[in-house]
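Labels A, B, C, D, E and F are assigned to the chains in the order they are written; within every chain, residues are numbered from 1.
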Amino acid sequence: MLHIINKAPQERNSLDSCLRVARTGTILLIEDGVYAATRGNAAEGKIKDAMTRFKVCVLGPDLDARGMGDRLIEGVQSVGYDGFVDLVASEPNCQSWV
Amino acid sequence: MKFGILINEGPYQHQASDSAYLFCKAALEKGHEISRVFFYNDGVNNSTKLTEPPQDDRNIVQRWSKMGEEHGVDLVVCVAAALRRGIRDENLAPGFRISGLGQLVEVGIQADRLVVFGD
Amino acid sequence: MSEEGGIKKFMFVNRKAPYGTVYALESLEVVLITAAFDQDVSLAFLDDGVYQLKKGQQTKGIETKNFSPTFRALDGYDIEKLYVEREAMEERGLTEADLLVDVIVLSRVEMGELMEQQDVVLSC
Amino acid sequence: MKFGILINEGPYQHQASDSAYLFCKAALEKGHEISRVFFYNDGVNNSTKLTEPPQDDRNIVQRWSKMGEEHGVDLVVCVAAALRRGIRDENLAPGFRISGLGQLVEVGIQADRLVVFGD
Amino acid sequence: MLHIINKAPQERNSLDSCLRVARTGTILLIEDGVYAATRGNAAEGKIKDAMTRFKVCVLGPDLDARGMGDRLIEGVQSVGYDGFVDLVASEPNCQSWV
Amino acid sequence: MSEEGGIKKFMFVNRKAPYGTVYALESLEVVLITAAFDQDVSLAFLDDGVYQLKKGQQTKGIETKNFSPTFRALDGYDIEKLYVEREAMEERGLTEADLLVDVIVLSRVEMGELMEQQDVVLSC
């Protein structure tokens, strides 16, 4: 399953909620959700832990827009909108944690 | 593959409509089909032809209209949500149509994936 | 993921409280329509979404329609699968006795597994 | 006392406009003055005369119009935010007027308190 | 200063942010913010702690709308919209933690 | 609270990240207008609001206007009081060197005290 998270980890509980409930698959961080995958963010530990269970991706254009392109946590894969489409297509189903 | 799209937020206030548009554009470029974009909640506000954003900003409504016309993407605005928020045929932008919630369920059934963009 | 005879599994995920935003109400309106399409429909209540089911909502003071009785009517639409996350209730001091309708209480693990089986997950 | 009010969200989607309205109503009943209600961000969507909510629901736009007319409350819609979102004189409800952001600053200066209602 | 909070404590960080930064005055919980002042909520401890520094109030109509009128934490004062107006008028300034 | 000669203290509280929502941009538009009214204007950046000041924003990929250079122009409008909460930066792995403009870094206690001195606190 593809889990799409669009909110920053300190502002809302969507990432926490997803990590609590979701079992397997891929997590894609988009919009303000991308901050979770940046070095030095308080959520860094959660993301590293999540990487043991999930494939974790980030939407590159959103990361760049926010000036965080150079501090992506190692092992998190940056994808474009075409990669976003591929993820939706390749996972059997998807859920937006809005 | 056939994608259905659900947009729950209006233009500019939230990034949802931008993200959905760029997703659809990428999907079309890859040869996928966008079966329908369904506008619900404040998402219906993406369909008003009266918007006039600053010259140096993107025109979210026109972008959708253009995609609808050039790629035959079905842009459906929920009638109940639209009435609550002041969207009617008289201010509806080209390429959009107003219809019932059944259109959302229908695309959920027919498309291979339904992707939700919201707040 | 199952698609027997064209029937898909639709799950409506509710994570937001009622009244502060319209999502709970307008999500319920989709649920009612979906019932007419003979699909496999379930509702999941996580996080603040469990508050939607709280008994005793009295909205006169905020001049807004109380839509919570609609949850009681779902039965009549053959929508009977209402799943509530146990941890979400507990963190909010709620028990099943506080809820308007009968629900199936799931652990977070069970809830996660159920989500994976869906064809369409709708959230507002 | 003189109150200024800022509303940043549209009708129905968020409770902000409801809370602001009930606050203003209570303030007027207590003999206070509402110097101005300023609609900004998606708040401008509170001013479209095209809304038609279900019969058993409150009519948020009409309620504001009525308060504007009966109590002389100045209902000001930000022009820049309105253009972004498709609010113009042609769909503006009675009692509202479209003007610049200076009207918000002005009421901040002149009123005794400015209360913000948002998401 | 009057601090107005309109979001539930688990969903967003507005209550936490206010409690971290705000010094004195009154906290008024409105809309979904009222849940923080209900018995059994995970935020109960935070609210009780806040009561040692702030006067804590809740908007009664919002509490009733959500069916939580019978579980308000003891010592939190329930006010109507008229009381909301009085709080804004009596405190020297106000801030909405939106 | 001061009102010397009709001048009020306006504080713009920014707690939200840019681009995910419009609040940061439209709040900045109010700031620019306020400058023309000769008031005492300050900006406070808390929580995700500190991200608004991050250097190197490149928005071409999301087809949205990069408004962050406007923060550099505030100086020209005589708006020089930009306060950033230290804890907010630290929780996000940011330092002053990451920010587009010179700011005054405050502890949460100092930030809270500054807020109490304002006449008008605007948040979007």
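Simple rule for what comes next: a contact is a pair of C-beta atoms (placed from the backbone, for glycine too) under 8 Å apart; a residue touches a chain by one contact, two chains touch by 3 or more.
All figures in this text were calculated on a predicted structure; none of them were measured in a lab.
Enquirer: Give me the chains shared as neighbours by subunit B and subunit F.
Expert: Output, common partners of subunit B and subunit F: A, D.
Enquirer: Compute the distance, rounded to whole Å, between the mean C-alpha positions of subunit D and subunit F.
Expert: For subunit D versus subunit F, the centre distance works out to 25 Å.
Enquirer: Between subunit A and subunit D, what is the gap in Å from one C-alpha centre to the other?
Expert: Centre separation, subunit A to subunit D: 38 Å.
Enquirer: Taking the mean of the CA coordinates per chain, how far is subunit A from subunit F in Å?
Expert: Taking the average C-alpha coordinate of subunit A and of subunit F, the gap between them is 27 Å.
Enquirer: Where the centres are mean C-alpha positions, what is the separation of subunit A from subunit E, in Å?
Expert: Each chain's C-alpha centroid was found; their separation is 33 Å.
Enquirer: What are the residue numbers in subunit F that touch two or more other chains?
Expert: Those would be 19-22, 47, 62, 64, 119-121, 123-124.
Enquirer: Which positions in subunit D are in touch with at least two other chains?
Expert: 8, 12-13, 15, 19, 22, 41, 57, 80, 114, 116, 118
Enquirer: Give the residues of subunit A touching no fewer than two other chains, as numbers and ranges.
Expert: 6, 10-11, 13, 31-32, 61, 80, 93-96, 98
Enquirer: Classify the chain contact graph as line, ring, star, complete or other.
Expert: If you draw each chain as a dot and join those that touch, the picture is no line, ring, star or complete graph.
Enquirer: Who touches whom among the chains?
Expert: Here the touching chain pairs work out to A-B, A-C, A-E, A-F, B-C, B-D, B-F, C-D, C-E, D-E, D-F, E-F.
Enquirer: Sort out for me which residues of subunit C touch subunit B in the complex.
Expert: Touching subunit B from subunit C are residues 6, 8, 10, 22-23, 26, 29-30, 33-34, 36-37, 39, 119-124.
Enquirer: Show which residues of subunit B lie in contact with subunit F when the two form their complex.
Expert: 12-15, 18-19, 22, 56-58
Enquirer: List the residues on subunit E that touch subunit F in their complex, please.
Expert: Those in contact with subunit F are residues 1, 13-14, 17, 20-25, 92-98.
Enquirer: Touching residues of subunit A toward subunit F in the complex: what are they?
Expert: Subunit A residues touching subunit F: 6-8, 10-11, 31-32, 35, 38-42, 44, 60-62, 64-71, 80.
Enquirer: Residues of subunit D touching subunit E in their complex?
Expert: 1, 3, 8, 15-16, 19, 22-23, 25-27, 29-30, 32, 112-119
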